[in-house]
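Structures follow.
You will see chain A twice below: alongside chain B first, and alongside chain C after that.
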Partner chain A sequence: MKMTTKTLTIGLLITLPLGIFAQTGYEIAKAMDEKKSPADMKSEMTMTLTNKQGKTRESIIRSISADDSRKQIIWFLSPADDKGVAFLKIEHADKDDEMRLWLPAFKKVRRISSKKKADSFMGSDMSYEDMTSRELDEYTYEILGEKKVDGIDCHILESTPKEGVTRTYKRFVTYVSKSDLIPVLDEAYDTRDQLLKRREMKYSKQKGYDLPTEIFVENVQKDHNTRLIFSSLEVDTGVEADLFQEKNLKRIPK
Partner chain B sequence: MKQWFINQSVDHPKRSIIITILITLLMGSGLQHFVVEDDFMKMLPQDIPSMVTLNELKDEFGSTDLMFLGFGKRGVDVLNAKSLGTLWDIAHELEEINQVDEIMCISTSDKMESIDGFLEVSALQEYRDLDEEEIEALRGYLNENSKIKTRNLGENGDYFNVIIRPVVGAKNDVLVSDMEQILATHQADYDVHWGGQAYLTGALPVMIRNDVLGLMRAGLIGMLLILLFSLRNVTAVGTILATIILSMVFMMGFNGWMLYLTESDKFMFGVLNTSMPIILLTIANSYGVHVITKFFRKMRTNKDPRAAVEASLNSLILPIFLTALTTVAAFLCMVFAPLEPLIGYGFSISAGILWAWILSTVFLPSILVLKKWNPEASAVSHPSHFERFVIAFGEQVIKRPKTVLITGAVVVVIGIAGIFKLNIEVNMKAFFKPDNPIRESLEFMDSEMTGTMDLQLLINADLRSPEVLTQIESIQEFMEKHESVTLSISIADIIKQMHRMVNDDNPAFESIPDSRDKVNNLFTMYSMSGDPDDFSSLVDYDYKKGLATSMMRSISTSEIVLLVDEIEAFLQQDEYKDLNITITGLLIVFRDLVALIIRSSFISIFASIIIIALIAAYFFKHWLWGLLAVVPLSSAVILNFGLMGIFGVDLNHVTALLSAIIIGVGVDFAIHYISQFRNHLHTHGLDGKLSRETMRDVGFPVILDAASNMAFGALLFSVFIPMIHMGGLMVFAMVSTSTATLTLLAILLELNKKRLARIEGIAVPDEKF
Partner chain C sequence: MKKLFTLILFLGLFPLSILAQLNISGELTPSAMLRVSDGSLIDLPFRLGKISVGYAYGDFELKTVTALETRWENPEFSEDMLQFREAYLLWYPSFGEVKLGKMIHAWGAADANNPTDNLSPYDYYYMFLAGTDRKLGSMSFTAKTYVSDFQIELIALPKFKANRFPLNEPDFPIQIPVPEDAHYFYPEDELEFGARIQYAMGIGDLSASYFKGNDRSFSPAGLNIDLAPLLMGGAPVFTSHLTYRKTDVIGLDAVIFPGNWTLRGEFAYFSTKTPDIDYAMSKFTYDAEYLQSVIQVEYAFPNTVQFMAQFISNKTQKLESTLVKDDNLNMLQAMVQDTSMHALDLYRALLASKLPQGPQPFSAGMGTPFAMIADQVIILSSAVTLFDNSLELSGMLMVNLDETGYMTNIASSYSIKEGLNLDTTLSYFIGEDEEDNRFKQLEDFSNLSLGLSYNF
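For the complex of A and B:
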């Protein structure tokens, strides 16, 4: 299973040299896809889940990713109940992804698998499919118009899976910043063409990259949302490849 | 005022007919706003504690009003490619219905496996068309996980069990109809069985209404035939029919207008309103019968229709007005009913009754005035055989006052004894005859699937605590020991399964872990692999509230009460006290609701009797008249509920509501009798023929009224047992109220005639000397 994931930390966020003038939907999507991304990234994330009754769950996790987030390791720092749980994911182009979970209470590493891409990632409103960047050639693109979102001039780009491509969503409508070619708002429609999820993204610039500072995802049908706030962002720090090993799950790095 | 009414029909018959018809049509135009509401759930009171708890539960866990579908073919292993494909199609089609929140079956469930060191959460049936190897793997998984197997397959493996969870606030009637449409396309190849309280609340209202309306038409025809046989005149029967129809149009139109003007759900026409037309029919019929029979009696001596109408109205306007007033008072007592639709019911039927009174004192006499009567026609000139029989019967009663009184008293005492044997039953399965397809389906679901009822235990405790989870496990074990419980599901089951999986699928670890950290780790592990929504029906967001659902075979209301008592006693043990458990579910709501309806019915019976006594006392100007007016209906009510107890007719919301009919009709007979008795007392004094003349005057219309209304015994042919009981009880109510009036009341009046004469200021012969 090929997963060209920009993942949790990068998600849809791909930088692109400014000044490219995209005219068609495909050209805009292509320019977004070709944006340069960091070789590695370290961050701490506060993930807040809110259900329809307004009840919340908050987790703080430390994440290190590399290789366009194809490799990622996550440690749970809080709540106290989850502290020490760690997760390692390595995506492979030619075989199933590896996912391992360190369960400190059992002192065991368990390999886990989710065959259903629509399944939620860590109980959030993001599914494994949401964590995966959209393969450029699996979609057709159309510009639906222009609109300002939070004061940013945006293209309204519609992406529809091509025939034969199986996806949980029927189509996406993405509001792409004209100046930075980054998505600031993304709406995902289910197979019945009903709005299912709405994602808002905020960025900051660091080392020439547009890096996420906040992602808000709302499942409008379940009335549930997830807010991810990024802090202590570091990029291109030279993370070593052997970090992404099972033995490193057991100890939270300082 | 009385004369004004008489003048309208005697002096301006055409104008009166036109005006009453126009007013009826004007009110009837409200029919355009008339709304039929078949959603039974909407009728339930939202403020009773069990409903409040259930609603809170739904906010947190989604709807708990489950529906059950069993489908397959007897004796054919259902785990085959074709059946699994069909299940897949059905499950996905059902999921597409907007009113459906979740479908739980093999095609939509997940499985948790430990494969080559992988913990894998995946679909139990990954795609529609499985090959033989995949089917065998599925079979193997089900065999290893008995709870999952029990939940998804019938006892003999020849039926799938599909559990449907509607969205919160779903219209069950619409949902049931949509689901049945989907299943209709598959019914050729499979047997389909439905179950669940929510299913029945969705399916029953339409079925009951259609059934009752059909039988009501038969009852109406029967009533008209009885009237025709007794009155022997088409015009007379036609005018009664016209009075009935116009009252009905008025009542339904009033209902529509009230809904339009108040926008209140109280005025939606639901299953509880089904009896409204029948009751109004009997009342309007009663008014018409009294006017017509009195008119014929007057015609025999008078020969002039105008004079006969005038004389009839002279003697009937007050009693008919009083009967209308007392009946309206009885129905308005419904405003204190716990069910909102009954409040609208009370108002609308009161409007219909008042209009029936106007029609029978203005419209009907106007027709009688306009019609050219042949004084020699046998209908007019001679009493019918039936009338002669009633008169003879009355005379026999008057001759044996003590025997009649003692017999009446004994019967009432027997009735009182029977009341203590009354059985409350609200299990909807008991609504159907044993050979009814729905009952057969429910029995099938009970015997071979997980049953058709469900009961929830709401646990308020820390659900990450191993101690709490262990306690839940033992509560479930206790529940599953009960004969009627087929399966119990809670978060403890999932934790146990995950514990086993994380320990390489070792069955020895299918237990609650020994530390809180381990429980936490398991929850986190699942969130990495499965959908956290999988737990949403079992545990709340904070892991502070949990739900243990027990699937059950259908049991009676008394057994439910016993079961709840047993559970409560079990939970009283010290080790469970901290769990703060509430027993809840639609079943508990129904149990409480029925108790509430029955209690409020009894309160309204007593309130009605007191109000009726006060009204009669006020208009007849002495408390003794008031007391006597309620003797027949009180006796009839006691006898009615007593015989229900003796003959094992269950008391439920339908039969409890029947008391309204007894009171509504029973009081009419008594008021007519008392009114004529007083008339004769004032006209002829204590001449020895007092009771005999009263009986001659009132006996026939009372019996004819009762006999014609007994045509609604057609309800005995209903497919619904409560309706059969209602039909039977209607017949009984007519017999008991009319008999009590013509025996008990007649004798009491006869025995107390001197005292009553003194009350009325009439000279008593003994006092002359």
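For the complex of A and C:
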């Protein structure tokens, strides 16, 4: 069964307060996974990359996702040299995921490997793996304790890929809001078990969902960060399944 | 006139922008090429900039791309400077997409060197550019539909368009041997059509294509000899005739992802024949089959280093070339047969230059442009981005496996500020000391290219 913890994708992070009293790490993760999520989501975001010298590069991107972000299209609206570039991702349960890039200058939809998950997405601190869903049953979970993050009482949940599951991270430590069962802080450790990325998420309530308003991803080893600020967010708009086709990569929606 | 019509169409639709979604983008790309040998300027045209305008209205979209071409030395100010590269209408019905107008196409799985990509002619002035910048738009109609994991595309091109070659350009490295007075027979049957089907598998994509069209590059069609001047004591007048062969292309391309590698491959089988030309002359006819392929391997290392290797091959499988002589040629050959008559030496030399002994040379009129300079080529390239994507460095080595020759290319693109890049490329050619070695001919073209690109 395909399940996700709904964390850390660009469009994503959606949960409902179910009030489940979770005893084990797995139960917390399962409760997060089972939270009702929007059928689809449309958003426009400003993505700001900042390097260690403080130099910034800003992009505006539009995203439409569905099926718990297993299907997603992202269009770059700016800067001018990236305008029109678009990315399509379709996660499959029974075969390799599909990832395609539309490069207007080449007039080609280029299929890219879904195995190169560690590659940076458009120079950001998010990798392709960060943009795909985490499968609930591919990890083991352990509660490491409790802590307040920005005044929110959180479980500290450790997720480790099971043996045989290839991931670019050795483990995650996620601070999960006890009341809303949403991740507010997530730390990703590299294969040497060194902290690689730190992710902070902020939410607002809309239509009963906890929807992201801001995601901040910091690569602590490179001293580089990416901030995503959601300027518009619509959910359950009835996105049709055939939107996630190559032809729509070439067509920036209004 | 056509350009004027396009301009009127463009301006006429402008009021729609009030209701439609208007997208305007463009780039300014002043650049110059300097010879490595002496620092002198290579006088070839370049595109100073281009502007893309798109109007989207419901399921319809109009796209235009206009470029401005000029040159540093002796720029000629004419309407040819303004190039309407594309102007087409798109319709996105529920089943797929439909396009009509002047546009550039791209088929194939590999990068840049695509044997299966024969829809759009190439602009040889811009062969060292990437993407669609090195192609020309042509009138076409395409329809594409998406059914489950399949994509099916049909295309028709009603108006023939040939490659643009730099003829009589002293600074272009490869001189194409076309007599100034050559006469071209353009295809009578201009309609070209094709189809492509792509299947998305879990492990990659597999595509098959078919295209029936006319060669994009010309080939010899015949030789006309006017013997009348002989009566006045003059030399016979030779006129070379060129034409574009009819060619069928069956293509197969695929991309798969074994492990952490990406493998892209393309194979194309070409069957080509000289068309019947109803004109009194000695005629060259070709009936040939050739195969072109490209195998591309990619690997992405950590730390943004990308590696790519391509092996390109062009192989003639069958070649039947004939010369059907007319009476004038027979007569002249009979005249010059007697080598003791030195008075005929001039005619003999003229005839030899126009009609070399042995089989007529054959070259591919379609397929990857590299087939023009070599039959077997390996390209190795690598790129890395540094300083938070502010600087991109890339290197390329092309090795001609047929006759010793190399091309190396080191390029950098530095982001001065958002949208503004400084591009520098050093290209160096080395060829063995043989007269016909293409890379030897390219040696003097070794150059340093400097350019700015500003996107807006």
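Just so it is clear, the second predicted complex is superposed on the first by the 238 of 254 C-alpha atoms of A that agree within 3 Å, B and C clash if a C-alpha of one lies under 4 Å from a C-alpha of the other, contacts with A are read in each partner's own complex, and residues count from 1 in each chain.
Keep in mind that, in the parts below, a residue touches a chain if its C-beta (ideal position, glycine included) is under 8 Å from a C-beta of that chain, and two chains touch if they have at least 3 such contacts.
What you see is a predicted model; the values in this text were computed from it and never measured.
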After the superposition on A, what does A:Lys95 contact: first (chain B), second (chain C), both or neither? second
Does the superposition put A:Lys30 against chain B (first), chain C (second), both, or neither? neither
What is the contact status of A:Gln245 with respect to chain B (first) and chain C (second): first, second, both, or neither? second
Does the superposition put A:Phe106 against chain B (first), chain C (second), both, or neither? both
With both complexes overlaid on chain A, does A:Phe76 touch chain B (first), chain C (second), both or neither? first
Is A:Arg57 in contact with chain B, with chain C, with both, or with neither (first, second, both, neither)? both
For chain A, which side has the bigger count of touched residues, chain B or chain C? C
Have a look at where A:Phe87 lands relative to chain B and chain C in the superposition and call it first, second, both or neither. first
Taking the two structures together, which residues of chain A meet both chain B and chain C? 51, 55, 57, 81, 103, 105-106, 108, 111-116, 119-120, 123
Would you tell me which residues of chain A are touching chain C in their complex? 49, 51, 55, 57-58, 79-81, 83-84, 92, 94-96, 98, 103, 105-108, 111-116, 118-120, 123, 224, 242, 245-247, 250-252, 254
Looking at the complex, which residues from chain C come into contact with chain A? 21, 23, 25, 27, 56, 61, 92, 94, 96-97, 104-106, 130-133, 144, 146, 151, 200-205, 255, 257, 259-260, 262, 300, 302, 304, 385, 387-390, 418-419, 421, 455-456
Spell out the residues on chain B that touch chain A in their complex, using ranges where they run on. 59-60, 96, 117-123, 126, 464, 502-503, 513, 515-518, 520-522, 524-525, 527-533, 540-542
Using the touch definition from the top, list the residues of chain A that touch chain B in their complex. 51, 53, 55, 57, 76, 81-82, 85, 87, 99, 101, 103-106, 108, 110-116, 119-123, 192, 222
